[in-house]
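Common to both upcoming complexes is chain A, partnered first by chain B, then by chain C.
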Partner chain A sequence: MLKYTLQRTLYMILVFFIITLMCFILIRMLPLPALPPEDVHTEIVMMRREALGYNEPYLVQFWIFLKNIFTKWNWGLSEKLYYGQDVWQIFVGKLPATMIVNLYSIIWSIPVGVSLGVFAALKKNTWIDYFLSTATMVVISVPSFVYAFLIQYIFCYKLQWFPFLMKGGSDYFSLPMFLSMVPPVLSLSFGVIAGFTRTTRAELTEVLTSEFMLLARTKGLTKAQATVRHALRNCFVVIVPGIFGEFIGILGGSLIIEGIFGIPGVGGLTLNAIRGLDYNIFMLSTCFYTAIGLAASLVVDVSYGFIDPRIRMGSKK
Partner chain B sequence: MTYEHIPAEKFAFVQEDKKLRDKALETKARGFFADAMLRFRKNKSSVVASYILLFLILYAIFAPMLSPYSIDQTDKLYINFPPFIPQVAEMKLGFLDGARVYDSQNDAAMNYWRGITEETGYNPVIRTVGTHETQVKSRGKMVTRYTYDIEVNTYYATGIVYRNFSYADYQALQDWQNETGIQVIYPYVNPADIGGIADRPNIWYKVDNSGSAVLDKDGNLIPMYSTDTTAIGAEYNSIRIPGDDGSYVYSTAKAGSVQCRICYYNYYRYLNGREPSYLMGTNLMGMDLFCAIGVGARFSLLFAILVSAINLTIGAIYGSIQGYYGGMIDMALDRISDILSGVPFVVVTTLFQLHLAQKVGVVGSFLFAFVLTGWIGMAALTRKQFYRFKGQEFILAARTLGASDRRLMFKHIFPNAIGTIITSCALVIPGVISSETSMTYLGIVDLSEFAGTTIGTLLSQGNGSATTAPHAMLWPSLFLGLLMISFNLFGNGLRDAFNPTTRGVDD
Partner chain C sequence: MKKTLALLLAVVMVLAVLAGCGPQGTTEPTGSGTEGTNPPEGTQGTEGTQAPEGPSTYTYNDSMSSIPANWNPHTYQTSDESVPLDYTIDGFYTLFYNDELHPVDGVDPYAGYQIVPAMAADFPVDVTEEIKAAHPEFNIPESATSGYAWKFQLRDDLKWDDGTPIHAEDFVGSLERVLRPELLNYRQSDYYNGSYAVANAKQYALSGQPVFQSFVDMGTTYADYLANGGSDEDVVLDMNGFWSVKAADKRDFGYITDDTMVRDPAVAEGEDEDYVSAKYLWDNYIGPEGYYGSQNSAYTDTYAGTVYYPYEAGYSFDNVGLFASGENELTFVFKNAVDGFYLMINALTVPLVKIDLYDSLLQETETASGSIWNCTYNSNLQTCASYGPYKLSDYQTDKSMHFVKNENWYGWNSGIYQYVDPEDGQTYDMYQTTDIDIQYVQEAATRKQMFLAGQLIGYGLQAEDFEQYRSSEYCYATPGQAIFGLVCNGYLKVLQQRESAADFDKTTTDLETMTVLNFRKALAVSVDRDLMAATVSPARSGGYGLIGTVYIVDPETGALYRDTDQAKQGLCDFYSIDVADYNGDLDAAVDAITGYDPETAKELFTQAFQDALDAGYVTDADGDGKCDQTVTMQYAISADSDFMTKTINYLNESIAKCAEGTPFEGKIQIIKSAPLGDPGWSDAIRNGTADCVLAGWSGAALDPYGFADTWTGENAYWNAWFDPTAVEHTITIDGEEITMSLRDWALCLQGEMTVDASGTERNFGYGQTSVDNRLTILASIETAIMGTYNTLPMLADGGMSLLSQKVFYVVDEYSPMMGRGGIQYMKYNYDDAEWDAYVASQGGTLQY
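Let's turn to the complex of A and B:
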């Protein structure tokens, strides 16, 4: 199992490097942004570009880029949006807002989603199940900015319970901040809840009809005992890796929700970098999102093996 | 008794003239597709979804044709205006009347609305929603003041605006007035006479310093129309408003042109030959939403179908090769798709836009972005199907008969997998529409030059004014939501119908 994990990790790192290299070259191939005319910093900027190897072949540039990251953790300076500031510092400053909003969202929506799924599976083929399945279907189909609009219109405008945009500042755990986070948290939660409800219901209905459940009932367990001890455990084989994946995903957040609710997070930064063509920020965001995506799939894959002995045995073959 | 050397004459034909055949089937034979259709029809929700889907597609095709407007026919003043159809508005049904609620309108504001009604003949106030009573201290006494929440017809409420015309245009407008008898030009009011207010052309009556109306002893508004002929802009020889004894001045001179007060609703009729009527209202750009949604949906649907078709082809070929050959080839190709699928979609789209938009156009580069990673899911699916079929006896038989690899892949294995692949295509289309909408919504891709508008663009335009003009957000959201739900239900139904064994496995 350890060998498998190690193999997968190394492979992921390799994939990550290849993607970074591709994106790096594609970004460096773009024409550089024009410097402000008559600017006193022009000479310094030109010198810095020279040092970063802008006139060298792309592989040399990539080598310098990597060297700067590994030796000094230097991701470059912003050349457009935050003129002359260190990209990593900007980025780290934006991270907490994204993480907290997403953390709140999954903290409550995973339990709700799983319990709704269990409920629907236990009440299979009753109106509760039909209602929940339909609702899940609708929520998964409709894009998130539609709920964001509904939530903003109903709770922020008509009822005026919450502010329209997330509060600025860094007092992430104060009450006004929490209130201003509720609308984005709600908008993010719908999708997560629906996803977990659907997976849990599908898994549990399948497990409940399997023969070992019949055996469990035959040997005298009550329905509740059999469900908790045998059915739920088996369906968690699929759900728990999903939960791990969600937790990694909280770093990434959602570009759309961050845009609508004005969350000062990485998503908004990435969007601004794309619109303002700030290549260094964009490069960092690219690496970040790629790493998160790869890490999430790695964790999901590996955790399957740790949780389910059957899969663990399979990997040895 | 031996069975060897039986003489030939012992043998007799069982039948010589009759043809031997199986008993003809009494029931009608039912093919694979008919069978699938039968199963599909049993699934009520999918049937309903497919009707809704059909309706939405018909809407996308016909709405832009049925709408009196094209998306280029925008009006600069009728922006974010609610749904309005004059014929329906007259019936006072409470919808399609261009209504927007104005809160806490005091007496001055109520007189302003009254001024518009009396002058243009269009009453903007539809009904009073609520009345608030407040006690205010005025000159040492407690006085009761009333404010009203009213529903206002936004189209009528525009009332009078200032416009500058060339002499020829001014004359043309007068000719039109003579011809139709509709008053567009209203007498000029000198701002000096109404307390210097030059930015509210709707005020034609006597006002005090704060801009509220001063009434005469019968409670009527006192007209303040200009009779000063020294600053007249151009000769006026058309119909005059009631109560005009011929002394009112209808324009003023403005640097080589004529400025006058015009009733915008009637001026709109002059320009367009019809009254404004917007079934779903207008958006931020002044587009007719009924038409714009159709135009956007046309693009989204066509684009999604094109993307799915390309991805299906690439994915099927790639997956077939992977699945059929297996081993090293499978692994090498798998590494490539691993790398491609690791790149976030936003990054792919952005880079393609930056690199290719100038060479192959915005749509072309957007298409490339979708194709770059979109086929991976399809390839994985095809690969799985190939692994399932390639070990079976009929393949061995075909190989023994000397079939080439290509023939085995595309004549023998692929047709078996095609049901799964086609039905998953019905689930790929909504995915493409969703990503396309997100990208245009975020403004990473701007397709408005090519497609006119897209649902995503409409949504992002509506989002800015979601509180004042919720309809501009509501209709595109509703359309998109219905489209996604019905597409997904339809796709699920198709999948269940074509693969009865997998029913309920992943939903």
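Let's turn to the complex of A and C:
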């Protein structure tokens, strides 16, 4: 297992380097915004681009980029979106808002989603199962921003239970902040709940019909005991990696939901950086998410071994 | 045991979460009565608006779709970024409505404005003669006696928000920093370009920069240059001037030995010459072996030349035209003569920065080509300094900004900022607003709900809102600056190139006809402008001239260009309205203009078909009197939108209706281009690869004369196919008929000395002739440009918005100079506490 993990880590570093280089070159291959010839500022913008080294060979630029990171942990300054500001500080400053909203969403969604899935599986082929399955499909099919607008209209405007926007400041665990996060958390939750409901129901339905469940019941366990101790545990081989994936997604943020509820997070930062050709912000966010993604896949793969002894035993052969 | 432990753990976790929920010592940014924000003595609330306890707070709640991240006056780039400057900086002079305290002879109260010293202690003094004698380094012309050098006395109580005094040297140091060559500040060109260029500012800012100089400019030829020992190694080609492409290093010129290929966006990918280099252009066109060069064309010496360095490296800032002539006295020296009134209006903002803070935030970063400097001044709460009526008190990136009153602003105690209310005749202090809160709100739907819930002061109406709110008493229409004309492609050479493409079917499609004058005239009268505005963009209105309704021709009286007889007569001339038919009533004649005449359109389309047939652009193979080809015009879109779709559909329907029964029936269509981005769409129009677009220009409200320069300059959309220097134009000035090219008319209106057809020097710049004469010239140029039908005026820009019941404007009437008074004059019906109570009493949702 250790050898496998080390091997995967080395591959991960190699892949990370290749992706970083590719992104660095690809973003610079996009044509810079054309400048209106009649604008008196055009000349100075061109001089700035020259000074920024945009006209130098890509590999020279990449070398300076790497050198600044490894020698000074300097990811550069924003040239467009946050003129002259340290992109690392901007990114780190915006990460908590995204994380806290997504964390609340997951903390609430996973138990609800898994519970509904279990309930649907136990009530298989009843109207409850049909209702939950249909509702799940509908919820999954509708984009989250639709819920966001509906929730904002109903709960914030009509009922006035919550503020329209997430509260400002960094008091993330205060009651006003919590209340202001309820609408975006709800908006983000629908899809997650539906996803876990569907997965849990599908897995549990299959497991419940397995022969070892019959064995469990014949040895005297109640249905609840058999379900919790044996069926659910088997389902979790599929569900737990999904939970890991959701937690990794915490860092990603949502472009649309964050926009609608005024969450000052990282959602949309990468897209805005591409639109504005703010190279340094793009590279930082790309490197960050690439690293997270690669690490997540490693963790998920390794987690299989911990969750399912059969996989762990298999890897020793 | 396990169950008990699990339960215990769960209880502990829940308690921990609950314990975490509670105030953490952070401040709530909205609606606050923040420390130090008490209104100064004498500030009066509106009658009957007493708050239950303590001083009332009046918060102006606003929203933006992007929260500024950089409002450094030296580097900000967009109008959104400059929003914090509206509250945190001040000018030398300011504008007040004319009232009993600021009377203007012959003007009704609140119908005009008065200029008042703000940071300046008095009006500027012209010291041209004195400076010319004492400071030859500023190169004031010998013949000049006024307008070049001005002395400003500053108030002696100017302070930053932290109490640090502001003196004349701070302004000088700020200008030096904005111009400092290595900082490459975005705003530096504001101070060395245009009418208010500071003397020698360009030399300082661009010191050491190379500039292209053609052989013609040098008074020599390429052949003589070589004969005198010059080398091809040093010869450069003006690629942008000759071929409309930039060299690989993004400069306009490239060395003729450089064969680095660059993309020519005017040529389709894969076609001949889709990539060119300076060497290629030289070898094939300009050089001795090239197409033009071999014919001894003047092109060689016009587009080829050498690089020179006019801006001496290491140029001293001491030579730049701003210096402190006393502790609180500044002397400005300008490159050109500046009129005092315009100077005061345009010198309302200066690039003042708090120098110690600014310098501490300067940072040099290594780049692939050396290094670059950045400064994070005015990018958050810690790096922000204010010398205006408000100061930043809270800021969160991409979230919100909050401003409170700056207690160190001189204005609170100066007695300057007062006005007499037009309703009750009482004198009030300006700036009743105590707090300004700006939240990031991305979606219009959210803004609307927040507005209706009383959480925002204003809401800009969206297309779907007009029906419901346009007649509301809280709805305000604000005219925009731009007139959107339908720019039509007249670049015949490019159209023919496009028609010669392999995949172009000339039997079914035609492009050349759109250059036929009668065809364009027909298009012009095919569209009912007002109906179009009502259909595609209800906040806008029909546009008939090229200059909008908000431009002022005489700043001293505030007279609007479109209200002048010259402008009205110009419209009547263009639309063939005989004023005599309206008993000489010019206003009635102008009101009768619709620009829509289907019958004339049909006649013109028929005539245009004959013209196109004669020119060989289209065919009528079966002789049925119908055009065989469909004239297809590609509308240049920046990005697709509902507005674009509606506009193109409306134009197609209108044109199709007017073309019924003519040879072009069903044979004209406007289609969308691919999204071209910005400024891709305007580039496509300029280089003839797209055929039409609704576009226009806006400019300084006080300078409509600048439009003449724009229409006839090299950046006009039609510059590639319309040469204003070749169009002779005659205007009668003071009874004398004067003839010169359209371009020369435009230049002499800007104050440049030009020579007319009789060889007489002419200058009709500000102060050089009467306002009446300048108006006559401007109206005549406008009519002449409309007469080219390169652009067909369609829509006048505008917007509508709702204003909260919490506040009201002192004056409802919109003024181009004063708006509706802005936050300076804004009055409140309710303070914050009363407003909250009022909104609650209405069930949380207000009716507008």
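Keep in mind that, in the parts below, the second predicted complex is superposed on the first by the 275 of 317 C-alpha atoms of A that agree within 3 Å, B and C clash if a C-alpha of one lies under 4 Å from a C-alpha of the other, contacts with A are read in each partner's own complex, and residues count from 1 in each chain.
Everything that follows uses one rule, which is that contacts are C-beta pairs under 8 Å (C-beta built on N, C-alpha and C of every residue); 3 or more make two chains touch, one makes a residue touch a chain.
Nothing here was measured: the structure is a model prediction, and the numbers come from that model.
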- request: Applying the touch criterion given at the start, work out whether A:V92 contacts chain B, chain C, both or neither, answering first, second, both or neither.
  value: neither
>> Touch test for A:G293: chain B only (first), chain C only (second), both, or neither?
In response: first
Notebook entry, point to check: A:I154 contacts which: chain B (first), chain C (second), both, neither?
Noted result: neither
Is A:C23 in contact with chain B, with chain C, with both, or with neither (first, second, both, neither)?
first
- Query: Given the touch rule stated above, what does A:L10 touch, chain B (first), chain C (second), both, or neither?
  - Reply: neither
- Thinking of the overlay built on chain A, is A:T270 touched by chain B (first), by chain C (second), by both, or by neither? first
Across chain A, the partner (chain B or chain C) reaching more residues is C
Report task. Based on the superposed arrangement, let me know which partner A:L103 touches: chain B (first), chain C (second), both, or neither? Result -> neither
| Which of the two partners, first being chain B and second being chain C, lies in contact with A:V40: first, second, both, or neither? | second
Scan A:G168 for contacts with chain B and chain C and give back first, second, both or neither. second
Note: overlapping chain A surface for chain B and chain C spans 149, 152-153, 157, 259-260
In their shared complex, chain A is touched by residues of chain C numbered 20-30, 69-70, 72, 75-77, 184-190, 193-194, 209, 248-251, 363, 365-372, 374-376, 379, 394, 396-400, 439-443, 445-446, 449-450, 452-453, 455, 677-680, 682-683, 710, 713-715, 844-845
In the complex, the residues of chain B that touch chain A are 45, 338-339, 342-344, 346-347, 350-351, 354-355, 430, 434, 437-438, 441-444, 459, 462-463, 466-467, 470, 473, 477, 480-481, 484-485, 487-489, 504-507
Chain A contacts chain B in the complex at 15-16, 18-19, 22-23, 26-27, 29-30, 133-134, 137-138, 140-143, 145-146, 149-150, 152-153, 157, 198, 202, 205-206, 255-256, 259-260, 270-271, 274-275, 277, 282, 285-286, 289-290, 293-294
Chain A contacts chain C in the complex at 33-38, 40-41, 43-53, 55-57, 60-61, 63-64, 68, 74, 76-77, 81-85, 90, 93-94, 149, 152-153, 156-157, 160, 164-165, 167-171, 173-176, 178, 259-260, 262, 264
